[in-house]
Amino acid sequence: MDHRGPKFARLGAKVLEGMKSIFKTRGQVFIYPASGTGAWEAALVNTLSPGDRLLMYETGHFAALWHGLAERLGYQPEFIEGDWRGGADPRAIAERLRQDSAHQIKAVCVVHNETSTGSTTLIGQVRQAIDEANHPALLMVDTISSLASMDYRHDEWGVDVTIAGSQKGLMLPPGLSFNAVSEKALHASKSAASRKSYWAWDEMSGPNASGFFPYTPATNLLYGLAESIDMLMQEGLDNVFARHLRLAVATRSAVNTWGLEVLCKNADHYSSSLTAVLMPEGHDADNFRRIVLENFNMSLGNGLSKVAGKVFRIGHLGDFNELMLLGTLAGVEMGLELSGVPYQSGGVQAAMDSFSNRTGTENNSRQVASN
Amino acid sequence: MDHRGPKFARLGAKVLEGMKSIFKTRGQVFIYPASGTGAWEAALVNTLSPGDRLLMYETGHFAALWHGLAERLGYQPEFIEGDWRGGADPRAIAERLRQDSAHQIKAVCVVHNETSTGSTTLIGQVRQAIDEANHPALLMVDTISSLASMDYRHDEWGVDVTIAGSQKGLMLPPGLSFNAVSEKALHASKSAASRKSYWAWDEMSGPNASGFFPYTPATNLLYGLAESIDMLMQEGLDNVFARHLRLAVATRSAVNTWGLEVLCKNADHYSSSLTAVLMPEGHDADNFRRIVLENFNMSLGNGLSKVAGKVFRIGHLGDFNELMLLGTLAGVEMGLELSGVPYQSGGVQAAMDSFSNRTGTENNSRQVASN
Amino acid sequence: MDHRGPKFARLGAKVLEGMKSIFKTRGQVFIYPASGTGAWEAALVNTLSPGDRLLMYETGHFAALWHGLAERLGYQPEFIEGDWRGGADPRAIAERLRQDSAHQIKAVCVVHNETSTGSTTLIGQVRQAIDEANHPALLMVDTISSLASMDYRHDEWGVDVTIAGSQKGLMLPPGLSFNAVSEKALHASKSAASRKSYWAWDEMSGPNASGFFPYTPATNLLYGLAESIDMLMQEGLDNVFARHLRLAVATRSAVNTWGLEVLCKNADHYSSSLTAVLMPEGHDADNFRRIVLENFNMSLGNGLSKVAGKVFRIGHLGDFNELMLLGTLAGVEMGLELSGVPYQSGGVQAAMDSFSNRTGTENNSRQVASN
Amino acid sequence: MDHRGPKFARLGAKVLEGMKSIFKTRGQVFIYPASGTGAWEAALVNTLSPGDRLLMYETGHFAALWHGLAERLGYQPEFIEGDWRGGADPRAIAERLRQDSAHQIKAVCVVHNETSTGSTTLIGQVRQAIDEANHPALLMVDTISSLASMDYRHDEWGVDVTIAGSQKGLMLPPGLSFNAVSEKALHASKSAASRKSYWAWDEMSGPNASGFFPYTPATNLLYGLAESIDMLMQEGLDNVFARHLRLAVATRSAVNTWGLEVLCKNADHYSSSLTAVLMPEGHDADNFRRIVLENFNMSLGNGLSKVAGKVFRIGHLGDFNELMLLGTLAGVEMGLELSGVPYQSGGVQAAMDSFSNRTGTENNSRQVASN
């Protein structure tokens, strides 16, 4: 396909428009032939100048990676320490912003869904915290592992830059990433002095207006993206979110029954797209993961950096349903048995119970609303 | 691809040879662009003459279909009645053959694995029965749902024509079917007076010798077949059989725990590739299947003809593993709950137990040997 | 996909209905998991009784194969000899039918487009010949290499059984074949005494009515067929036919310019889907084909049986356009040079000329109308 | 696939090693989930500091884009003007470097094969020019449209950073790009002060050593890359280069015959991967391209920026052979006719002649050696 021809332009226009519906924004969306890390970089270099201060929140490994990236790029990111067991605390953010009467902090950066911990940050509350502090900082949110799996509202929650990637809720291979951008962020980009070219929004806007891109796009993934958007719209975003919530509730029922602990301690912050589980003291999570892989050909997520060897992660996002989850949970439960980890059996049964009676689902519908 | 060119010839030679390993034969294998029903027809029209008598055994729906096909084709198939709850009884076959002192019966036809009932016929014992009766009848065996899932030995068990298809253990779409053929069957085909052309072995043999076919082959499926043969050989046929046995044992553990009944009553005849389950009196299996489909997007096999509405069938063959089975069994167990069918919970747990302790597997290794 | 479930039924209904549009019939269409040879057999065994007389016409290799198949199946096919250089002669057919005052001939069988010679039979004229002879014989037509490439009208031309396959104009892999069937043929099938089961129309009709098949269908090819039908309808059948005619006209321009001879001598019988070309005396067509294959990685069709070594064949059907044809013709022209075959250069140029001026196309629009 | 697991590590190691063979280097290769523009940026930001001077050469549109990118990133690129009708002039480069006695120029950047003009720069001679000037500047070369189509020797030619992409000679979709890196470039990267993170070589080296990547790789494209490398090695790189040369020679024969002018004026600089053709005065190239697209469904490359409307481009790289080229050239020749552009017919014929007699190929074997 000729990426300078009329057929391509129709595809380009379709996916650019479709992604606005996914982000729930009327603003602009930029698509990069890059993985999510690139979209992190794009969010910063388009809006900031060298030496700018940022406020970031240590929700886990990926927040720490983003923090490191900001440092490498020459910004001064302040890091509110976290215990990796919940989402960002809006009060801590509000407090820090109130101290910044000089408005030196140019952006607040949080991860919506920490893939390393299974904790979610309530973005609406972060927005409220910034507003209450009367602070002009931009709000940037990483939704790499939540977009199209959990409810997300770029415009309503007043987010300035949302970062996303192709390989999770969009059910594609990795290789595309996104910035959804508010008017305020676009305005900031006019005076942002950071050097950039590949990531530059201003070079994208012109060609995008007619469905094109300023350099060679990842054509095949864009075709796939058009399909993914169609599939999500056909199922209905609300149904997609409800499905992921059901899967998450069932997973936590299993974990509780096993007598293991969900890493996320704050029930309001539970993730719908993955659950991280703490291993009992004295038991190595990676040894357990190896046993599961060898016996059941299933690859569980590993604990990253601070929680390496201490947690394993169960993904339940994307093109995933109840029976696939139950197979997964069964692999975990049998792996616990084979690994000699102390546990109570019945986890899979508990997950099944949560699917076959309605009350489980209703109890948890609260969470969606409260987000 | 030019199916008259040298590249195709290499593919043709490879799959013809590879299928011999799968059938465990040194004889000829014929490949038809047709579904399994065509290979049933081929087995008969190549070896028999109009009006010939056959001895068939009513193991279930597919045996009955084959019987009907034989009648339509102008043969006189005698049908030993069965209760659909086990494989063929070798003693009944032996007894009938001993009565046939005039050797009017030209062939004994049995289904190795009845897809409608989940019962297996012990082919080695059928061979022995024919031999003990000193009867010259050909032995024809349908392995459509067992080949490459359960142990099968065309040469060692003295089978004359084995019928198979692409869509089960060979993990391909439907559209290819097979005859594996003994010297004795080939000899019989010289004088068989049934009219045939598409199915005629004698027109196949010549072109097959150099990797070609007498008419347009289903090229794409042959490519897939070459891949399937490689995959099976890489896993090792014995490992493939052991895997299916493990899955079947676990399935029966679940069924027993639920308090339901496996349709197959004879433990020596349990199928490794699928399990048919009886619904309790007063509960409609198709209603149950509909509830499972609507709630969990899982399609269980239906009861066919005599057992319509009375049984449902759980397939566990082909590219299938422990966790996929547990997801399947969970769908069944939750469906029982939702349908108001009386059952004991714990079936999935029992299946997990059978996977996570070694004894289950060892107990059942007996069955492989006894076949 | 469960071929007994509701989703499959929608697919089945769609392709059965769509194929009626392709055949231009309101009658029934039967779809076999088989190659075209199977559909030849199906046409005969459903409508005839053992020993029935047929009138067939030797247009080339495939007509001869069909004749041989009829003999093997126990019919008495009479063969009107042909020189392989044109379609069937309606007058010869009429003459023979007039002699058959006892109406012993039960069917007239002709090949619409002889793949071995590139000659077309004008089916409308054959119909007229049968009518003028006041003969009740069924008319059976093989359209394996013409359907969806050249105009074909099952109902308007009064054809009783049309035979087709998936791998030419329908642009699919081989593995599906078809019978389109008139009321008269269906009526004949009620009393036809030939033994059949796999091919039996009467077992198909019931399940087909609700989108199902009496035995396992070739599911993947049926998905492909639904796509092919959509593509053909989107381009428009008349445009598809016009495209193939343009390609054929250009091919013949090239052949004439080279000073070679098109095998088909009757301009009214030129095929739109392929062109067979005679090699000059003393030059082996297969040696020439080998040189083309080795030098340009292009596989030309070989001469079959009577014309082996004497002709090569250029296919120009299916998903094929002007530039692909010109590449093909260039390979032929360069191959002639490399093989030392006497020829005049300029063939590709002539083909280009036929594409770039309108008159060529208009001159030939006559042929479509006259068919 | 788990991109942190052992299977992935084997894939990663394979493609990293394979790409070294393609670049003909023993140095390191870095792979980005990005298009080629990203690899341009990576080459600069890893080796340079803000304000650094570069010497770039205006061979055409892509050289100009790279120049613009360098400016945006805060470097001071000097641009040796070119007429877009040949590769870079090594003498001009040598001359400029000799003037730079203070060695302020940190890098010389040239495009090996200008996609916008079809002109090649002789990299060995540029290397010689730098050496003769005794200048320490790094040599950076863009091979986006030449790698794996034309001979390229990273080590032998003393290149410090080679930039490449997946979508041309590697026959993949766009989405991967590459830096091949010399020891000298790696050393320069230790002190380069430009801000970077996504593109940073130093974060790649560690994970790469064991087959991993510092952030999510474009897994599907890496699978494809492994296949492409295998295909190229099986054909043999020298054969791949010879094939492209044959195609280019034939293309130029056609252009000359038409009486049109190849944009590249220097025969030593002719590209093997594409040919740009000047339209006669008064004829719009884009109108011509539109006519070709509408009539023959073929998309020719357009003239970019300075040569917009004045040239069209014929690509002949990647998975392309003689007959595909002849079809392409036929589309051009017929398009010239339909567009009323003055031309001499016989271009396709001339291209065919160049393929069917040996002398054409031998004459041009000189070019390979001289590069």
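Quick notes on this structure:
Going in written order, the chains are labelled A, B, C and D, and every chain counts its residues from 1.
The rule is short, and it goes like this: a contact is a pair of C-beta atoms (placed from the backbone, for glycine too) under 8 Å apart; a residue touches a chain by one contact, two chains touch by 3 or more.
Computed from a predicted structure; not experimentally measured.
Between B-C and the choices A-B, C-D or A-D, the pair with more than half the same contact pairs by residue number is A-D.
The chain with its Cα centroid farthest from the Cα centroid of subunit C is A. Centre-to-centre separation between subunit A and subunit C, using Cα means, comes to 57 Å. Centre to centre, using the average C-alpha position, subunit A and subunit D are separated by 37 Å. Inter-chain centre distance (subunit C to subunit D, centres taken as mean C-alpha positions): 48 Å. Residue positions of subunit D touching 2 or more other chains: none.
Chain contacts in this assembly form a single closed ring in which each chain touches exactly two others.
Every pair of chains meeting the contact definition is listed here: A-B, A-D, B-C, C-D. Note for the complex: subunit D touches subunit C at residues 296-298, 321-328, 330-331, 333-334, 337-338, 345-346, 348-349, 352, 355-356.
Listed in rising order, the residues of subunit A touching subunit D in the complex are 2-5, 32-38, 41, 50, 65, 68-69, 72-74, 165, 167, 173-175, 194-198, 200, 215-221, 293, 299, 302.
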